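Look at the two complexes coming up: subunit A is in both, with subunit B in one and subunit C in the other.
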Partner chain A sequence: MLWQLPHIGVPVDTLFYIPFGNPNGFPVSNTLIITWVTILVIFAFFFVAFRKPKLVPRGIQNLVEWTFQLLLNLCEEVAGKEDGRRFFPWVATIFMFVLLANWWEIVPGVESLGTVEPGVHGAQHLGPIYFLFGTNSNHLTAWLRPPSTDLNLTLAIAIISVVITQIYGFRKLGAFQHITKYLNYHEGVMGILVGILEFVLELARIISFSFRLFGNLFAGDVLLLVMAFLVPFAGATAFYFLELFVGFIQAFVFAMLTLVFMTLAVTSHEHPEEHDAPTSGHAAAPAHEPIPASTAA
Partner chain B sequence: MGLGINVWMFVSQLVSFLILFLVLQRWGFPILIKTLDNRAHTIQEGVENAERARKELADAQQRIEGLMLQARQEAQQTLAQAIKAGEHLRTEIEQEARDRARQIVDQAEQRIQQEVAQARIELREQVANLAILAAEHVIGTNLDTATNRRLVSEFVAQSRGL
Partner chain C sequence: MKNHDDEKPKPNTNDWAPLILLGQVGFTIVFSMLVGLGIGLFIDHQFHTTPIATIIGLLLGLAAGVYGVYRLVSSLP
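For the complex of A and B:
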C-alpha cells in the first residue's frame, strides 16, 4: 500500500511549545509556522519589489504593483477616493495574506511531510521524519498545514475585519450616529427590531467570514488528500487548478466583503447622500485611470 | 474544543496578522502608494505635455501658415511694385532715348542745314567766279570789279529761284 487515507481533523496539531506566557508554554501549531512563512514571503515580495523601485516596473515589482493597483482602483471605485485609500491597506493585506495562505495547500510537502508519534492513533514510532507513505501514513502529524484550514486564523481575520469596520464607522459617523444603527429608537418598534437585526448581522458576519473561508479551504484540503489516496500521484493534479481558483476566489471574496462592509459602515443610514457616494470616487480619481504598462498588460 | 479553537493559537494568529498589517502599513504601502502615485503623476504629466506640445505644434503651424500667407502677399506686392517700377523705368529710358535720338537728329539736321547753307554760299561764290571768268573770256576784259561781282551775285541769287 502506497499510503492510507490520513487522519483528517479540524483541530490543528501543536508541534512544540515555546516557554512563554502560558504555564505549559506557547503552542506553535503547524498552521502558525506557515502563517509566519507567509508573512515572510509577503515581506520578501515587498522588499524585492520596492528595494529600488523603478519608474518602468519589471519582474516582481511589476507583479506586485499590478496586483495592488487593481485593488487600489477597486477600493476607490467602491468606497470613493478618500475612503478607498483609507481602506486599501486592510483590504490589500487581507487579500494578499489570505491568497498566499490558501495556496499553500498545493505546495508539495505541506501535509505530506511530518512525524508519526508512537501511540498517537495507535501508530508505531518510525523516526523523526515521515512522508505520506506506507501503512502508518494515516497517523501522520503534518509539520505544515495551510493556515486557512485553521479556524483560529480565519476567526482572527474575521474579527479584525469586523472590529476595524466598526472603528471606521465610529470615526466617520461619530459615536452617536453609528450606535443608532443598532439602537434605532427613532422609528419605533420596527426601528428597534431592525437595530437588533443589524447587531446580530455584525455577529453573523464574524461567523460567515470565518467559516466560509475555513469551510472552503478545509474542504479543498480534504478533497486533495482523498484524491491523492484514491488515485495516487495523478489523482489530485487536476484538483490543484481547482484549488488555485478556489483559493483566489475566497481571498477576493474575503477582501471585497471587508471593503463593502467598511464602505457601508461609513455611510450614514440617515442621510446617505451627504457622504461620499461610491461612484464619486471613481469619477474624482482620473489620475488612476491611465494604468501603467504593467496594468494594461 | 471540537473545532480546534484555542485561545493561544487564536491570539498568535491574530497577532501575526496584525504584525503583518502594521509592518506593511508602516513601510510597505507608503512606498507602494508613492510609487503608484508618482507613476500616475508622470503619466498624467506626460499626457499633458503631449497635449500641450500638440497644441503648440498646431499653433506653430497656424502661425507658419499665416507667415507664409503674409510672405506670399508681400512677395506678390513686391513683385507688382518691381514690375511697375521696371515698367516706369523702361518708359523713362525709352523716353530718354527717344529724346536723345530726337536731339541727335535735330542737331544733325541743324548741322546739315548749316553745311547746306555754307555750301550754297560757297557754291554761289564759285558760280559767280565762274560766271565772271566766263564773261571775261567772252568779252576779253577784266570784270573783277566790285560792281560786277555784285551784279553777278544778284543774278545768281535771282537764278536760284529758277
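For the complex of A and C:
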C-alpha cells in the first residue's frame, strides 16, 4: 500500500493552544496558521513590489499595477466612477485574500505534512514529522490546511461583506431611507411583508456567500486527495489545473457579488431619479441601473 | 493609460456580472428557504407551537427566494 486515503472531516484540527483569552487557551487550528501566512504573503508581496517604485513599472510592480488597474476598471464599470472608487478597497482586498487562500490547496506539503499522534485511532507513534505515505497515513493530522476549507473563515468574510454593504447603504441613502427597506409601513401589509422578505434575503446572502466558497473549496480539496489516492501522479495532475481555475473563479465570484450587492445597496429603491449618472466617460452607468449593458467597442 | 486602452478592443469585464448574478439565483432560492425554515424551527422551539411557525417560516423563505430572484433578474441589463 503506497498510502491510504487520509481521514476527511469538515471540522478542522486544533494543533495547539496559546495561553490567552479563555481559561483553556486560544485554540490554533491548522487553517488559522495558514490564514496568518496568507496575510503575511500579501504584505510581503506588496512590500517587495513597491519597495523601489519606478515610473515605468517592471516585474512584480508591473503585475501588481496591472491587477490593480483591472480591478479598478471593473469596480468603475459596475458601480460608476465615484462609487467604484469607494468600493474598490473592499472588493480588491476580498479578491486577493480569497484568491491566495484558495490557491493554498495546490501547494505541495499542505495537507500532506503533519503528525500521527500516538494512540489516536489506534495508530502507533511515528515520530514528530510524518509525510502522507505508508499504511498509517490515514491517521495524519495535517499541519496546514487550505483556509477556505474552514467554514469559520468563509463565514467571517461573508459577514464582513454583508455588514460593509449595509454600512454603505446607511451612508449613501441615510439611516431613515435605508431602514424603510426593511420596515416599510408606507405600502400597508404588502410593504411590511416585502420588508421581512428583504431581511430574510440578507441572512440568506451571508449563508450563500459562505457556503458557496466553503463548498467549492472543500470539494476541490477532497477531490485532490481522492485523485491522488486513486490515480497517483499522472491522473491527479489534471485536477491541480482544475483547482487553480476553480480557486480563481470563486475568488472572482465572491468579489464581484460583493461589488454588485454594494451597488444595489446604495441604489435608492423608491426614487431612482435622485441619483445622477456617474460623470465618467467610459462607465456611463445610471445609478438606478447598476449593471449596465456592455459598451460595445 | 486611457489612450492605450481605447486603441484595442479589450474584453469587457462587465460581461461577467450577469453570469455571476444568474449563478446566484439557485443559491438565493435554496438558502432563503433554509433561513426561513431555521427561523420557524427556532420560534417553534422557543414557544412550543410546533408545526405552525415552521410552516409559516418555510413559506416565508420560499416567498423571500422568489422575491430575491425577481430582484436579481430585474437588476440585469
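Note that in this section the second predicted complex is superposed on the first by the 275 of 297 C-alpha atoms of A that agree within 3 Å, B and C clash if a C-alpha of one lies under 4 Å from a C-alpha of the other, contacts with A are read in each partner's own complex, and residues count from 1 in each chain.
In the analysis below, contacts are C-beta pairs under 8 Å (C-beta built on N, C-alpha and C of every residue); 3 or more make two chains touch, one makes a residue touch a chain.
Computed from a predicted structure; not experimentally measured.
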Which of subunit B and subunit C A:G109 touches, first, second, both or neither: neither
Subunit B versus subunit C as contact partner of A:T93, first or second or both or neither: first
First, second, both or neither for A:L153, with subunit B first and subunit C second: first
First, second, both or neither for A:P27, with subunit B first and subunit C second: first
Partner, of subunit C and subunit B, that touches more residues belonging to subunit A: B
First (subunit B), second (subunit C), both or neither touched by A:Q69: both
Overlapping contact positions on subunit A, where the subunit C interface meets the subunit B interface: 69, 290, 292
In the complex with subunit B, residue positions of subunit A that touch it: 9-12, 14, 21-22, 26-29, 31-32, 35-36, 39, 42-43, 46, 50, 53, 55, 57, 64-65, 68-69, 72, 85, 88-90, 92-93, 97, 147, 150-153, 155-157, 159-160, 287-288, 290, 292
Interfacial residue positions of subunit B with respect to subunit A in the complex: 1-6, 8-10, 12-14, 16-21, 23-25, 27-29, 31-33, 35-44, 47
Contact set on subunit C toward subunit A in their complex: 1-2, 9-10, 12-18, 20-21, 23-24, 27-28, 30-32, 34-36, 39, 60-61, 63-65, 67-68, 71, 75-77
Touching residues (chain side subunit A, partner subunit C) in the complex: 69-70, 73-74, 77-78, 193-194, 196-197, 200-201, 203-205, 207-208, 211-212, 252-253, 256-257, 260, 264, 282, 289-295, 297
